[in-house]
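In the two complexes below, subunit A is the common chain; its partner is subunit B in one and subunit C in the other.
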Partner chain A sequence: MVGETRVSSPLLEARGLVLAFGGVRAADGIDLDVNEGEILAIIGPNGAGKTTFLNMVTGYLRPQAGSIRFRGREITGLTPRRIVRLGIARSFQIPQLFTEHTVLENLALQLAAREGFWAPFAPLLSRARSERALALLERFGLGELASVRADALDEGARKLVDVAMATALAPRLLLMDEPTSGVAASEKHAIMDRLVSALRREGVTAVFVEHDMEVVARHADRVAVWSNGKILAQGPPATVLADPAVHREVLGVEVAPC
Partner chain B sequence: MELLLLLALLDGLAYAAQLFMVAVGLTLVFGVLKILNVAHGSLFAIGAYSASTLAALAGTPWLSLLALALAALAVGAIAGPSIERGLLARIYDKEQVLQLLLTFALFMILEDVQKLVWGVQPVFEDAPVRALGPVVVGGIVYTAYQLILLPGLAVVCLLFLVWFLRRTVTGRMILAVAHDREAAEAIGIDSRRIYLLAFTIGAGLAALGGALAAPTTSLVPGVGVQTIVLSFAVVATAGLGQIEGAAATALLVGLGRSFAVYFAPELEVVVPYLLMVIVLVLRPSGLFGGRELRRI
Partner chain C sequence: MPLRLAFAVGFLALALLAALQPWLRFVLTLALATGLAVLGIMMLLRAGQVSFGHALYVAVGAYTIAFARPQLDDVLLLLAAAVLAAVVAGILVGLFVSRYRDIFFGMLNLAFSMVVYSLLEKLYWLTRGTDGIRVARPRLFGVALEGARYEWALFALALVCVAIAAALVARYLRAPAGEALSALKTRETRLEFAGVSARRVLFQAYVVSAGLAGLGGGITALATLHVTPLLVYWTHSGELVFVAILGGTANVLGPFLGAVVFELVRVHAAAAFPDAWQMILGLVLLGIVLLAARGLVGLLEELGRWWGRRV
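Entry: the complex of A and B
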């Protein structure tokens, strides 16, 4: 481990996570802490087990061994919905928007889902809920997209709306799977700027999987490098990205770091 | 000739109304749970038999109308949750073949339950029809029950469902789960409850369809088979999971069948299936289906 900085007791503690699919060990003893308030990037080659890790934390996959604690509480094996309610939200590599609803309706639905279920005849777009949804959109600078149908959004906007939706849950921890994948290279930084500044303003701790090293260097407080289901290195981007071993693993080439 | 046309039209409307209520329940359950519930026909039959029994006990004609609604409500509220929680909840992650076999098995069992409870002799109770009396349209004496009540209720049912699903919180949650269960769970929607609710509404609609059909026909064993096959034809023709589509198709099938009755009686039975085959050959995802193909 390279230069780990520990602020306070970790928000999320993963210990000894193991999960094998057939012969492939997608998690082979993962130990990772995520500290309150930080933005942590996860990098690594395809198939290294990055998304598997997110799926284990959010309850979509159950580790065969190991434990995950969130704010000191054991959450291993809880259902995704329980975990969401405890304050861990996620966005997906492919945004999971409800395409036949407008952006505002997507957010309102998210807010309503948090409020509960037994309001069978309450209008979805009640005034209070519409206002809250709109306020959330505006925090991400998406106010003008409120009445656009989700399937008419461009990829960058979809990603932002997806993250805005995840933050509607008022999570303590947000997990994002490749928030800039599919976005034009020229737009990546602009989108990450909006994302990260909104998250920092809300005080949301975030973990994101990313392939673009420039995005990582610019936006993450800390990086963890995945390789074959293990964590190869973790620490501040400047240190980790300068490590030749990391370079070899992530970029697959033997070059001196720039 | 004109009288025959009018008669065919009125028969068709009344029949379409009944058909719609059963078919829309089937399509709702399929759209949300992704299970084709063969036992939907049994719920129709049990709704119909219970309604007849209750209507006969009601005493006055007007009370017998109320009895229909009560019977439908009771069958939906009891059978819906017990089937969903007791059976279907165990097989959501299993193969579709198994799901189909399970609901088919349930259908077979419920067929025999009907024979045990109500016997094999025809059951007929038309007190609710008599309660509303006749109306005269264009020289034809028709029952107000079939001319006004059935189509009226079908329209109310359609409007209610569309409003409920598109405008209310719970309705939108149902649509979200139908669209993508995992994503709905990710935003904190409890899909187990949504499944329970959607199935119960579907079961209630089947029972209501049965209860409303009961006063206009003699109930005999096998009425459930006929219903499930026909509603499946409607649902498949419309496109699985399509609500307004089910209404339009029920109208098409209802009218097609009643015109056949008057003008080409030998075709009566095949008309719905002929329509289905033609539509599915031309548009395999149904008249109104196929929008979800856009999804990744």
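Entry: the complex of A and C
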């Protein structure tokens, strides 16, 4: 279903990415394609280089070798600011919020970043921008928190606001680093359902790092398994998650999900 | 709007003080000039950046007036020249310092200001060194004003400048680029990941702050009619930061409240305790930092809330 009948080139192409920190190879020859419209999950043990990959794609880290192309254009070594303007946004494993601002203002700052940021005397919370920010928050079930200061949120809400902020940038490609870690288990699936259906509705391609195999099985079109800076396996969740080698590497001693 | 009301009440109170105590006209004009410079400092404080060299732009404004006065005989043109020169200086230095944060930002500003201090002191043929330059009293709208009338005119002009600057800065602080100042303090990287240049956010505020300090320096020069290198000495920069913290950064009233209280405490303390006035200023700031960390403006808000609960 995914990847067999590829007509155009992939949205994102990573080739031979290498990045070592001291002796640790966080990326040791990463080759990965992300196709337009798909939702790709990245799994793997801690320290396998999953976040490093996101950091390289978004320009936060520069690979020592290899190349990254987005919509056919070379983006290796560009700054995060340039890359986000090309249409790649990300959310963070540890939420990165503007803690002196309200949730609504956090969203509005993202919306303003796309247009009207430098108008010196037009308020951040213009009526149009506030309404759009509120609509985005409501999509994540965060409407009631609009006027709460970001430093007063609990961890789960903080995480969701962080993801909402990334989507506010209206990216072509959205990278999410553990979008639901810290969110209460009972809400996890409902939130991912809403998020994924919104992404599909708007045709946003997404990559997310995830530790919960149930979430992966339910929401990802494809899974890539990271191990020691390499991709161990990739393919549809049903196939990959049933692979004994993947079990050993990713799940360790844990019991496999059904 | 309570902030506008607070400014209106404040302006009336200052005018009344100036009418009742003629010698205070001069002091209050200087306080308003200081407040303008502090307004710029306050913008940078919102971004978590403390400049220990902003007296540089006060001096650029003041010396521009001293240098331009022989050719220009108009208060408004001289002030415009002062602001323009400070903005140009702010752009040149700002392009460099807006790359740096925290202690590096503070110390680089200090370094630039002290370089200018030594130049003003050493280039005697141009600046008359520590003697400074006398400024002949200029005309206002073509009218030559004497003594008290000149002081009144300058005081009124300072009030007009304060009203305009405060209104514009208040609007800027609510615009995205102004709100982004405190976003730069809390999560600079997130700004970059939204596609916004954090450096430009700081740079723009820096240039505005330089222009405001230049305006303050210009008014100071027109009030004292004498400029000396002491204007750019590091203690003067420190004083501006002192006043910013005293007044508080919650809104644009803080810098002016801080500046007026600072000048009034200084002149009265200096008159009453000639040997200990600096200690008194120090104790006032200590009290503010310990008891009202959000400055006088925060204290005022607390009072307002307390009053609201009682009524």
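To be clear about the criterion, the second predicted complex is superposed on the first by the 242 of 258 C-alpha atoms of A that agree within 3 Å, B and C clash if a C-alpha of one lies under 4 Å from a C-alpha of the other, contacts with A are read in each partner's own complex, and residues count from 1 in each chain.
Definition applied: contacts are C-beta pairs under 8 Å (C-beta built on N, C-alpha and C of every residue); 3 or more make two chains touch, one makes a residue touch a chain.
It should be emphasised that the depicted structure is a prediction, and the values quoted were computed from it without experimental measurement.
With subunit A as the common reference, the superposed partners subunit B and subunit C clash.
Of the two partner chains, both subunit B and subunit C are touched by A:96.
After overlaying the two complexes on the shared chain, residue contacts for A:84 are found with subunit B and with subunit C alike. Of the two partner chains, subunit B and subunit C are each touched by A:112.
Shared-chain residue A:169: touches subunit B and subunit C both.
Common to the subunit B and subunit C interfaces on subunit A are residues 58, 60, 79-81, 84-85, 89-90, 96-101, 105, 109-110, 112-114, 117-124, 165, 169. The part of subunit A that touches subunit C in the complex is made up of residues 58, 60, 79-81, 84-85, 89-90, 96-101, 105, 108-110, 112-114, 116-125, 165, 169. Those residues of subunit B lying in contact with subunit A across their complex are 164, 167-173, 175-176, 179-180, 182-191, 193, 291, 294-296.
If you check the complex, the residues on subunit A that touch subunit B are 58, 60, 79-81, 84-85, 89-90, 92, 94, 96-101, 105, 109-110, 112-114, 117-124, 151, 165, 169. Looking at the complex, you find that subunit C touches subunit A at residues 168, 171-172, 174-180, 182-183, 185-187, 189-197, 204.
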